[in-house]
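These are the structures, in structure tokens.
The following pair of complexes shares a single chain, subunit A, combined with subunit B in the former and subunit C in the latter.
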Partner chain A sequence: MTRITIGPFNRVEGDLEVRLDVESGHVVRAEVTAPLYRGFEQILEGRPPLDALVLAPRICGICSVSQSVAAASALRDAMGCEAAPNGLLATNIAHAAENAADHLTHFYLFFMPDFAREAYASRAWHNATAERFTATRGSAAREALPARARLLETMGIIAGKWPHSIAFQPGGTTRAIELGERIRLMSIATAFRVFLERVVFADTLENVLSIATASELDGWHAGRAGDFAHFLGLADDLSLARLGKGPGLLMSYGAYHGLEGELFPRGIFGRRALIEPLPVNQITEDVSHAWMRESAVDPAHSTTVPDPDKPQAYSWSKAPRLSGQPIEVGALARQAVAGQPLVTDLVSTSGSNVRNRVIARLIETARIALAMEEWIKELRLSQPFCLEAREMPDGAYVGLVEAARGSLGHWLAVRAGKIERYQIIAPTTWNFSPRDSFDVAGPLEQALVGTDVGDAGSRAVAIQHIVRSFDPCMVCTAH
Partner chain B sequence: MSRSDGMTNVLWLQGASCGGCTMSILESGASGWFDELRQFGINLLWHPSVSEQTGEEAVEVLEAVLEGKLPLDLLMLEGSVARGPNDSGRFNMLAGTDRSIYRWICDLAPRADYVVAVGSCAAYGGVPAAGSNPTDAVGLQFEGSDLGGALGATFRSRLGLPVINVAGCAPHPGWMMETVLALTQKDLSATDLDAHGRPKFIANHLAHHGCSRNEFYEFKASAVSMSERGCLMEHLGCKATQAVGDCNQRSWNGGGSCTKGGYACIACTSPGFEGVQNFLETAKLAGIPVGLPTDMPKAWFVALAALSKSATPKRVRLNATSDHVVVPPGRPANKRAP
Partner chain C sequence: MGAATETFYSVIRRQGITRRSFHKFCSLTATSLGLGPLAASRIANALETKPRIPVIWMHGLECTCCSESFIRSAHPLVKDAVLSMISLDYDDTIMAAAGHQAEAILEETRAKYKGQYILAVEGNPPLNEGGMFCIDGGKPFVEKLKLMAEDAMAIIAWGACASWGCVQAAKPNPTQATPIDKVITNKPIIKVPGCPPIAEVMTGVITYILTFGKLPELDRQGRPKMFYSQRIHDKCYRRSHFDAGQFVEEWDDESARKGYCLYKMGCKGPTTYNACSTVRWNGGVSFPIQSGHGCIGCSEDGFWDKGSFYDRLTTIKQFGIEKNADQIGMVAAGAVGAAVVAHAAVTAVKRLATKREDATQDT
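Coming up: the complex of A and B.
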């Protein structure tokens, strides 16, 4: 048996170390390390609760709106108040822009460049893939980066700037939108749709979303232009559906909260392909393999204190569990729980894997592009965008949202007008968790086991695909 | 640059960072940031978010720089330097290398023609240094507003400059790219930096300059709660009259800025901005904001404020506490046109 260490693991958000035990060219055990700790939960303790609106988004530069929305949601729970309907809509529009921008960044900058590597030089598709997706030099980035920047102009109108805005408040958003700005938002959403239809899908969003089964998808992509079909072609050739199996359980906290529930509902997609309610009180965090001192397992009551010399520990990340089990989160989980037909069929037939994770992300991008158009129309321009903040009584509160990469929760305890405790469980904390006290590995650790690395060792491209298929955000993971 | 191939080698590393500075700079360039870099002859030796090389391929690049085999024009660090626990740097290891970012940075910095701190974390410590500073986070050459930091007060890069601090959280993409390009063209010297190492072309302005709420400021017509149109200084914590940066003379994400977005400037370009509590509430003493413009006699400010408050047009007064324009500009109906 040989042990290989891979790091710095780049083209993820933040840094990552993966250690693999390899026998006869196959991974038999994996350990995943979050190598950065900054101490946000410690920093927030003792501060006025509203300071979380300034500090929490700064956990993460790629999903700062998600962190803002989670903090605002926890504070709204503490105030026992509602947000202005316009504020919810404006939040959804900005959040959708960030999530779609993240999906694009993942696909074009983080994930696809690995297929342009020399390791694939012998494949029939390699020349075209290298021309299109080679890191920093491929032609795709020349289209994707300006499209991303244009989409993020949504933030200039709703949120002042991105990343790190303070526009997302418990009572709504801080800037009322005027008619000219609504039209500009529509123009941004239209430009985004045009980019998706021309460059990503080479088809209308409506047609893409009408694909209901895995076999319809196979028929749709044969001979089609566009970057999604490009991916599907090489995914078939490389059997990416057989790579990186997830733990089987998928979770979503529910995304894009509106007056009539969520666009994508909350729930669990179980091993029998049934959608079940989410028992929020069954969420725990285990620190047996984290450089952290023991504390309560319930995030509503736990604190974070580093213990850098702890034996057996190998990550700054805690190990979140739902009813004691590791669980996968992300676009695949969100769309499976939402019952999106294609994703449901894919997960039911081949489970969670590298190919399905990427498909779900792009299908979701099409869905939120359409939803953005509707939310922009629904803004009632003469109505308020933000309601007044209220006092926060002592107590324990929670804000649960979906970031691009999956379920994000902020647990807040208030005492005498100050933050007594603040706990954050981020999407990649779930996906890239270390082992728990029963020695059960986290989702990525499980997904890596069995991977054929051949003689390539630490340079095996399959490992790159599996890790990046989760779109990890390591800066969120240990925060 | 001076080298024979005419290319500028840039190495970008992330320390105790959120990655937001990278997310911001990816908005730069009409045909994308990568094209923009190429157009100016910049060769990205390695960047954690965008380069192909991973694992040992990436370490080979870093080792080649350390050994002097790869010349390094610009070393750019995003994120603070976590020195803890006990000066070991273990809160922030560079994965796969068994070495902390703290150590990598101290070894690499003397190799670079210029060292650039990207964002307020790399410049001064920033948000990770807030409160109890759990990781002993500092900037490259400052610890808050004190010289020192990871590299020490006397550090100079190969071409004799201290660390150049592109402060901001996150900085405007233009601040970062213009600094990089000015250095590429040898167009930025030590005298172009202010006392906190910030390029003066950014730091000679105040965030207040060009604020769209200017008329409300003139009349001290103030917003009282979030989303109102009035000046944010009197009640809602705005520090734009004290914070450096040409924030309101640029467009953020196609036309925004913090104050345009409806919330206070939190002085994110200033060392120690993260230490404040109650960011969105103005600290006051006897009803007067503590943080008045730094170079104006306080008594004058108070006198002028009282005078302008009493002269405030009804339009400005009413619009200040509304989230929509409730009184449009124009001559009151009872006054005849000239």
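Coming up: the complex of A and C.
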């Protein structure tokens, strides 16, 4: 048996290290390390609760709106108030823009460049892939970056600046949208749709979303242009559906809260492909393999204090568990729980894997592009965008949202008008969790086991595909 | 990596960028740097003839918001090619190479371009526990930083983290996150603070250095004067409402819809030096004050530990300006609070605002 270490990983958000035990060319055990810790939970303690709106988003420069929305949601719970309907819609529009931008970044800048590597030079598709996706030089980034920048002008209109926007408040958004701005938002949404239809899918979003089964998808992509079909072609050739199996359980906190519930509902997609309700009180965090001191397992009562000399520990990340089990989160989980037909069929037939994760992200991008258009139309410009609330009684509160990469929760305890405790469980904390006290590995650790690395060792590109298929955000992971 | 004689222009052309876009970039850069029209041809000439300067972009304890800001720069060339034009020889977040291959690039650049490369640092090193709160390639980040700084020509400290410490250095600063000028003391360091800095400020600074081969003029705190010499407040489009004593009292209240001053909502514009109110964000679309939220002063040292971000009615005197908001309001209206708004009802501003409101009824 040989042990190989892969890291630092490039083209992931933040720092990551992976250690693999390899036996006859196959991974038999994996350990995932989040090597970066800043201590946001410690920093937030004792501060005025509303300061979380400024501090918490700075956990992450890529999913800062998700962090803002989670903090605002926890504070809304604490204040027992409602958000103005317009505020919810404006938040949804901004949040959707960030999430869609993240999905594009992942696909174009982080994930696809691996297929332009020399390791694939013998493949029939390699020349075309290298021309389109080579890191920093491929033609795709030159189209995707401007489209993404245009989409993020949404942030300028709704939130002033991005990353680290401050317009998201418990009662809604600070800025009332004006008529001219609504028109600008609509033109941004339209430009985004055009980019998706022309460059990503080479088909209308409606047509793409009407693909209901795995076999229909095969028929759809044969001979089609567009980057999605490009991916599907090489995914079939490389059997990416057999790579990086997840733990089987998928979870979503529910995304885009509107007046009539959520666009993507809350729930669990179980091993028998049934959608079940989510028992929020069954969420725990285990620190047996984290450089953290023992504390309550319930995030509503736990604290985060480093213990850098802890034996056995190998990551700054705690190990979140649902009913004691590791669980996978992300676009695949969100769309499976939401019953999106194609994703449901894919997960039911081939489970969670590298190929399905990428497909779910792009399908979700199409869905939220359409939803953005609706939300922009639904804004009632003369109505309030933000409701005021001041009281914040002592107690424990929670804000649960979906970031691009999956389920994000902020647990807040207030005492005498100050933050008593603040706990954050981020999407990649779930996906890249270390082992728990029963020695059960986290989702990525499980997904890596069995991977054929051949003689390539640390250079095995399959490892890169599996790790990046989760779209990790390491700065969120241990925060 | 290119040969030492390679110019920026040749790199650009290799990327398939047209000569026309190149000149457009040069004139836009000249404008954003506040230089005259002749400077555009100087920039073009320099980029065509001077050997390119390698840039190493490293990430310490951070959130990647600086990179995020940077890649959304509105410069036409940035979206095409800034990543290659500026020749990022090494950037963890976006480059192709991985793992030890990537580490080898660092070593190679250090040896080959000794004393000639720019080290751009995003984030900062945490010093507690021997640096183990930020381990990069099996070593504490602070070691890698010191090593690469040793042979750099100059260092760019991107953002509030590298410049001042930022929120991760907020009390109790659990990891002892430390700004880089406390660790590297023998090299010129240019601070480009902000959380994150504005994309156009970042590209402007880097283009200036690459074009003229020297650092732009810095203020006492090490910030480029061209972007950090004015207060947000000085160029704020809501300034007239501050002067008239017209203030927002609650998010999205009547006064907010009229675009009144956000000072009473905790705006730190009067004490913050940055280009937000002139250059603006996300392609010049907006900036925080325009979104109806006060400035939090994210480009200022220690902005994270100056009391609540939502403290209202903080006395301006504390900030070293003449009068506090209420006094100004009283001069204007003879009373504070509701009376300020009542006074405003008879001003021309009110009439304009009403018209605008009529126009924004539901459609």
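In this text, the second predicted complex is superposed on the first by the 479 of 479 C-alpha atoms of A that agree within 3 Å, B and C clash if a C-alpha of one lies under 4 Å from a C-alpha of the other, contacts with A are read in each partner's own complex, and residues count from 1 in each chain.
What we mean here is this: a residue touches a chain if its C-beta (ideal position, glycine included) is under 8 Å from a C-beta of that chain, and two chains touch if they have at least 3 such contacts.
All figures in this text were calculated on a predicted structure; none of them were measured in a lab.
Trainee: Looking at the combined model built on subunit A, do subunit B and subunit C fit side by side or clash?
Mentor: clash
Trainee: Taking the superposition on A as described, I'd like to know which of subunit B and subunit C A:Leu179 touches: first, second, both or neither.
Mentor: The second partner, subunit C, only.
Trainee: Have a look at where A:Arg380 lands relative to subunit B and subunit C in the superposition and call it first, second, both or neither.
Mentor: second
Trainee: Please indicate which partner A:Ala389 is in contact with in the superposed arrangement: first for subunit B, second for subunit C, both, or neither.
Mentor: After superposing on A, A:Ala389 lies in contact with subunit B but is clear of subunit C.
Trainee: Quick one: is A:Leu16 in contact with subunit B, with subunit C, with both, or with neither? Answer first, second, both or neither.
Mentor: The first partner, subunit B, only.
Trainee: Should A:Pro113 be classified as contacting the first partner (subunit B), the second (subunit C), both, or neither?
Mentor: In the superposition, A:Pro113 contacts both subunit B and subunit C.
Trainee: Which parts of subunit A are in contact with subunit B and also with subunit C?
Mentor: 5-11, 13-15, 17, 35-39, 42-43, 47-48, 50-51, 53-55, 58-62, 64, 109, 113, 116-117, 134-137, 141-142, 145-146, 148-150, 152-153, 155-167, 169, 171-176, 178, 306, 308, 316, 381-382, 384-386, 388, 458-459, 464, 475
Trainee: Show which residues of subunit A lie in contact with subunit C when the two form their complex.
Mentor: 5-11, 13-15, 17, 35-40, 42-43, 47-48, 50-51, 53-55, 58-62, 64, 84, 109, 113, 116-117, 134-137, 141-142, 145-146, 148-150, 152-153, 155-167, 169, 171-176, 178-179, 306, 308, 316, 380-382, 384-386, 388, 458-459, 464, 475
Trainee: Okay, in this complex, where on subunit C does subunit A touch?
Mentor: Of all residues in subunit C, those touching subunit A are 15, 59, 61-69, 71-74, 79-81, 83-84, 88, 91-100, 102-103, 126, 129, 132-138, 166-168, 170-175, 177, 195-196, 250-252, 256-257, 276, 280-283, 285-293, 296, 298, 304, 308-310, 356-357, 359-363.
Trainee: Going by the contact rule set out above, which residues of subunit A touch subunit B in the complex?
Mentor: Answer in residue numbers: 5-11, 13-17, 33, 35-39, 42-48, 50-51, 53-55, 58-62, 64, 105, 109-110, 113, 116-117, 134-137, 141-142, 144-146, 148-150, 152-167, 169, 171-176, 178, 306, 308, 316, 381-382, 384-386, 388-389, 458-459, 464, 475.
Trainee: Write out the stretch or stretches of subunit B touching subunit A in their complex.
Mentor: Subunit B residues touching subunit A: 14, 16-24, 26-27, 29-35, 37, 44, 46-59, 82, 85, 88, 90-97, 127-128, 130-132, 134-135, 137, 169-170, 225-227, 251-264, 266, 268, 274, 277-280, 323-324.
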